[in-house]
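Following are the structures in question.
Consider the two complexes below, in which chain A is the common component and chain B and chain C are the respective partners.
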Partner chain A sequence: MKNNDIFKKIVIANTFFWIVITAVIPNLLLLIASLTQQQYEQPLNLRFSLENFHQLFSPLYFKVYLNSIKISVFTAIICLIVGYPYAYIIYKEDRVYIKNILLIGILMPFWTSSLIRTYSIIFILQFNGILNKILVGFGILQRPVNILYSESAVIFGMVYTLIPLMIIPVYLSLRRINNDLVESAKDLGAHSFQIFFRVILPLSKSGITSGCFIVMLSSLGMFYLSDLLGGSKNILIGNLIKDQILLGGNYGIGAAISTIFYIFVLLGVLIQKENYKINFD
Partner chain B sequence: MVLDSISKSYDGNLIIDNIDLSVKNGEFISILGPSGCGKTTLLRLIGGFEKPDSGSIFINNIKVNDISPSNRKVNTVFQNYALFPHMNVFANIAFGLMIEGKSKSYVEKEVKKIAELIGLEKLLNRMPDQLSGGQKQRTAIARAIIKKPVILLLDEPLSALDKNLRQKMQIELKNLQKDLGITFILVTHDQEEALSISDRVVVMNNGIIQQIGTPRDVYETPNNIFVARFVGEINIFDAEVTNVTPGRISLLVENEILYDTKNKWSFKLGEKVKLLFRPEDLRTDTVKNAKILQNVLIGRVESTRYKGATLESSIVLKSGKEIKASEFFDEDDEDFDYKIGEKITVNWINGWEVILRDEE
Partner chain C sequence: MLRILKNTYLLCFVVILYFPITVLILNSFNHSKLSIGWEGFTLGWYLKLFESPIIIKSMKNSIIIGFLSAFFSSFIGTIASFGFYRYRYKGRKIIFFFIQTMITFPDIVLGISLALLFTIFKLGFGFFSLLISHIILTLPFAIMLLITGFKDLDKNILEAGKDLGANDFNILIKIILPLIYPNILAAFLICFTLSLDDVLVSFFVSGPHFEVLPITIFSLARMGVKPEVNAICTLMLIISVILIVFSQLLLKKQTND
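Showing the complex of A and B:
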């Protein structure tokens, strides 16, 4: 009994230690950096100030926020439109091996470095790349067009990179639907279309919201995609943070943006929690 | 409804083995059997969720093998109710009519009518997770009968409820069935439920119907040892036919006593048989009080169980066989009880036996 107690304490202490090291301390540093004014002469003499947050209200930054939100919303919508049917096909498939192939098919790219995958997207989308060659070859286009270095290319890259994050939660929420519900809908006279829209779709709502939420958040932070695929035309929140810190050396502003971003993520998580409560408790 | 030599197998295992069954309109039928006997599969075949490998299913003289569940005039109450968790009670009950595209006012009127019949009128705005087991059960039944099915299938509908509620719901189900005049087919593994609720009981085992009959038939004259054992408790004595005339039959029971009774059977001289008695048909007495000591079995009391109205004794016979007797307390014997280890005589009411061929 006593040994058990000690073991319990060690496990809890270990978990606690790593949470402090990896989450609490970095976030506290972030918060401190965002709330202080940097003084190059005396780096350790921190002075409290809200100046960093004040600067975030500049119209220039607003353009970046709006652009980021627009791109992340488009990405999430496209991921949903493409990902939901895919998840539904996996859910409906009875043969286990096909199910596994379909699942591995979306997980495998996820395990490869996304930087490498982004470079391969460049090869596909560039002016004399595969996509243009195919479109011209089939006579759909007269001559190659510039797809790369545009907003569409950024969204394409994001959808490609993030779609597993939509498919997995949607698939999991579909799998949680008790087959008896589908059968009882059938029993009560519903046809496939009605079963889908009245039973399956509403019951997979939690998967849809989780998927959209995760995809949107991840897309906000993916600065390298807009760097590589969008040229420097598409500045997103992620780019802003990176540029402020790495290029401008403005740790304060970078930290302030991150903090705001962080607060939104927390709010989102809380909303998600509510969502799960309604559906599964 | 008629099932005509239905068979069904999964992965090479025969689950339903050539079953014939006909059910009259308005009948209350229970399908009784241990788990894995194929009773749920049989229900799913009638509901249309499975297709038989061979044989035909007729409902109102129409072959329905290829008719999907959504088009069959059959509705099911699922074992775990399967209420739609995202809809309130009203929407759950209304589901079947909404699907048909009935007008809003008609749906409302019908739901109200059914809710009143079943006692749900105050709960229409609740969500399924705010309902008790019995209320969920009622919602599931309301949702099914609003479609006015010819047959209502119930898959172990009361198994999740506690004993008191279960008995109450049994009576309600029976009354509901009488009021609606719909054929009810109920699957259960609870023999008490099957006996008390239904017009006829179908006892199943290993995908085969063992016996079809009224609850009384099945309990009092079981067809075989499986039915005798599964429906209620039973004492089985080994016996051999020692004398047989058209009117009487004599048996040597447990190699100990001779028993002469009316011959309702067609056993041959010398044949090994089983003599069956329900615990309540046995009569016991202490050896020292016994009026008759000849031709009675002698046993030792192993344990007794006081059950209020009856005393249930477990008795070990000379042969080592354990039997059960269940006797009422009556005015002659108000405080009758046995000491553990006491020697007693075991007798029975002449003519109340069932004799079966020895299958073992």
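Showing the complex of A and C:
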């Protein structure tokens, strides 16, 4: 039985080791870096300072945050409006094979590289791209316009790459709905619009919040998307962090922004506790 | 009326979702250098890939990193989820909570925190930093996948093994592994694709001498559309789709049995 104990210890130690390395140490370092002032070439010292947060709120960066948050809010709203019906249709579909096809249809983009999907949008939006050709061909536009390298191109790209992240949680929350509630609403004489707006929509709220949350958080960091589709004018929080670290070796701003991200993630986790219930027993 | 509306919506949705990728794939076979109109079929851009040492090198790097990180993640993940399944210990719930939050965390934060780690401990940026980062990136997904596999196991089998005198190591190797290997393989494939597709973490932890494919694609794509990039993107898409389809088939077979 002694060997058994050793084995048990190895198993548990392995888990602790990797989670401590993966979750705790790097994030702790980031937290420390955000609360200390960086000196040249030395990202970490232990003198407490709020300089990074002070810098964070300088009006210089304010436009970037505003722009970035605006884009992510728009993205989440459009993803929700466009994606919710898709999730609802999957949920409503009775035929298993069609349900599976629809699910695969949204999971495929989820699993393929978002960089490649972002790149493929250039074909559609560029000056001599397909969208311009269609618009000119139908006589909607007199001559091609520049769609690429604009804010709308960035929002389109975000919606295009992030919409699976909205549809999946919404679908999962719809699937959790107890069908008896829908049936009893029907028995009590509610028509289908009432059932949708007063039973199903409120019950899928947890999926909507987690979908919006994931989409917004992801969109704040996607610097490659704004680089490829937004040109140099549309800078996001992600670009700011990237430039500070890569060009200036300055971890302070990135660390401070990440700390704010932590707070948001923790808030999000607290808001939707039921999704985080321990359910492996 | 509602039916027509629904079908129109679905049609538009799927067409818009898949149209850009289809255009990309078609253009990788297009003779036109500017990818504007169709000028005839060619495989030339794929052949040209082999003349580009940068792309070939980072493709090789990507495959090595993807393979190794997927291997380690599924290995460590199997042991960790066995621990979750078999033992009750202090901190078990906190660890599981960490794993769940790590999946929701924005990748860019993971990228910066790891870059900071490697800078502070002066570990350098290259093969090692990428490998560790990709293990960290994929491990939570591997564990979540494997835990569902363990959850489906019949607990009686475990009890029977224990009654017959098997120790935990033997239970894992002789009883659980043969039952759960499709999940492990699926976890491996999914980790491989995640590693292959990752931009945000790799961007911060790769070095000038060791780049992975998404980083190379990103720097090439910034100059606009290029036929060689179309070809390599198409190859990557095909690889991802094959791996994912295969992993889903493995998981499905598991639930059907």
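Criterion: the second predicted complex is superposed on the first by the 252 of 281 C-alpha atoms of A that agree within 3 Å, B and C clash if a C-alpha of one lies under 4 Å from a C-alpha of the other, contacts with A are read in each partner's own complex, and residues count from 1 in each chain.
Just so it is clear, a residue touches a chain if its C-beta (ideal position, glycine included) is under 8 Å from a C-beta of that chain, and two chains touch if they have at least 3 such contacts.
A quick note: this is a predicted structure, and the numbers were derived from the prediction, not measured.
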{"item": "Overlay on chain A: chain C relative to chain B, clash or fit", "value": "fit"}
{"item": "First, second, both or neither for A:72, with chain B first and chain C second", "value": "neither"}
{"item": "Touching partner for A:242 - first (chain B), second (chain C), both, neither", "value": "second"}
{"item": "First (chain B), second (chain C), both or neither touched by A:173", "value": "neither"}
{"item": "Chain B or chain C, by number of chain A residues touched", "value": "C"}
{"item": "A:188 touches, of chain B and chain C: first, second, both or neither?", "value": "first"}
{"item": "Inter-centroid angle chain B-chain A-chain C after superposition on A [Cα, multiple of 10°]", "value": "90"}
{"item": "First, second, both or neither for A:199, with chain B first and chain C second", "value": "first"}
{"item": "Lowest inter-chain C-alpha distance for chain C and chain B in the superposed arrangement, angstrom", "value": "18"}
{"item": "Residues on chain B engaged by chain A in the complex (per definition of touch)", "value": "47, 49, 68-71, 74-76, 78-80, 82, 84-86, 95-96, 99-100, 129, 143-144, 147"}
{"item": "Chain A residues touching chain B - in the complex, by the definition given at the top", "value": "178, 180-181, 183-191, 194, 198-199, 202-203, 205, 279, 281"}
{"item": "Residue ranges of chain C in contact with chain A within the complex", "value": "6, 9-10, 13-14, 16-17, 19-21, 23-24, 27, 34-36, 76, 79-80, 82-87, 89, 91, 93, 95-102, 104-110, 112-117, 119-120, 135-136, 139-140, 147, 150-151, 167-169, 190, 193, 196-197, 199-200, 203-204, 214, 217-218, 221-222, 224-225, 229, 233, 236-237, 240-241, 244"}
{"item": "Chain A - residues contacting chain C, complex", "value": "1, 3-4, 7-8, 10-12, 14-16, 18-19, 21-27, 29-30, 33, 43-44, 82, 85-86, 89, 102, 105-109, 111-117, 119-124, 126, 128, 130, 160, 163, 213-214, 217-218, 220-224, 227-228, 238, 241-242, 245, 251, 254-255, 258, 261-262, 265, 268-269, 276, 278, 280"}
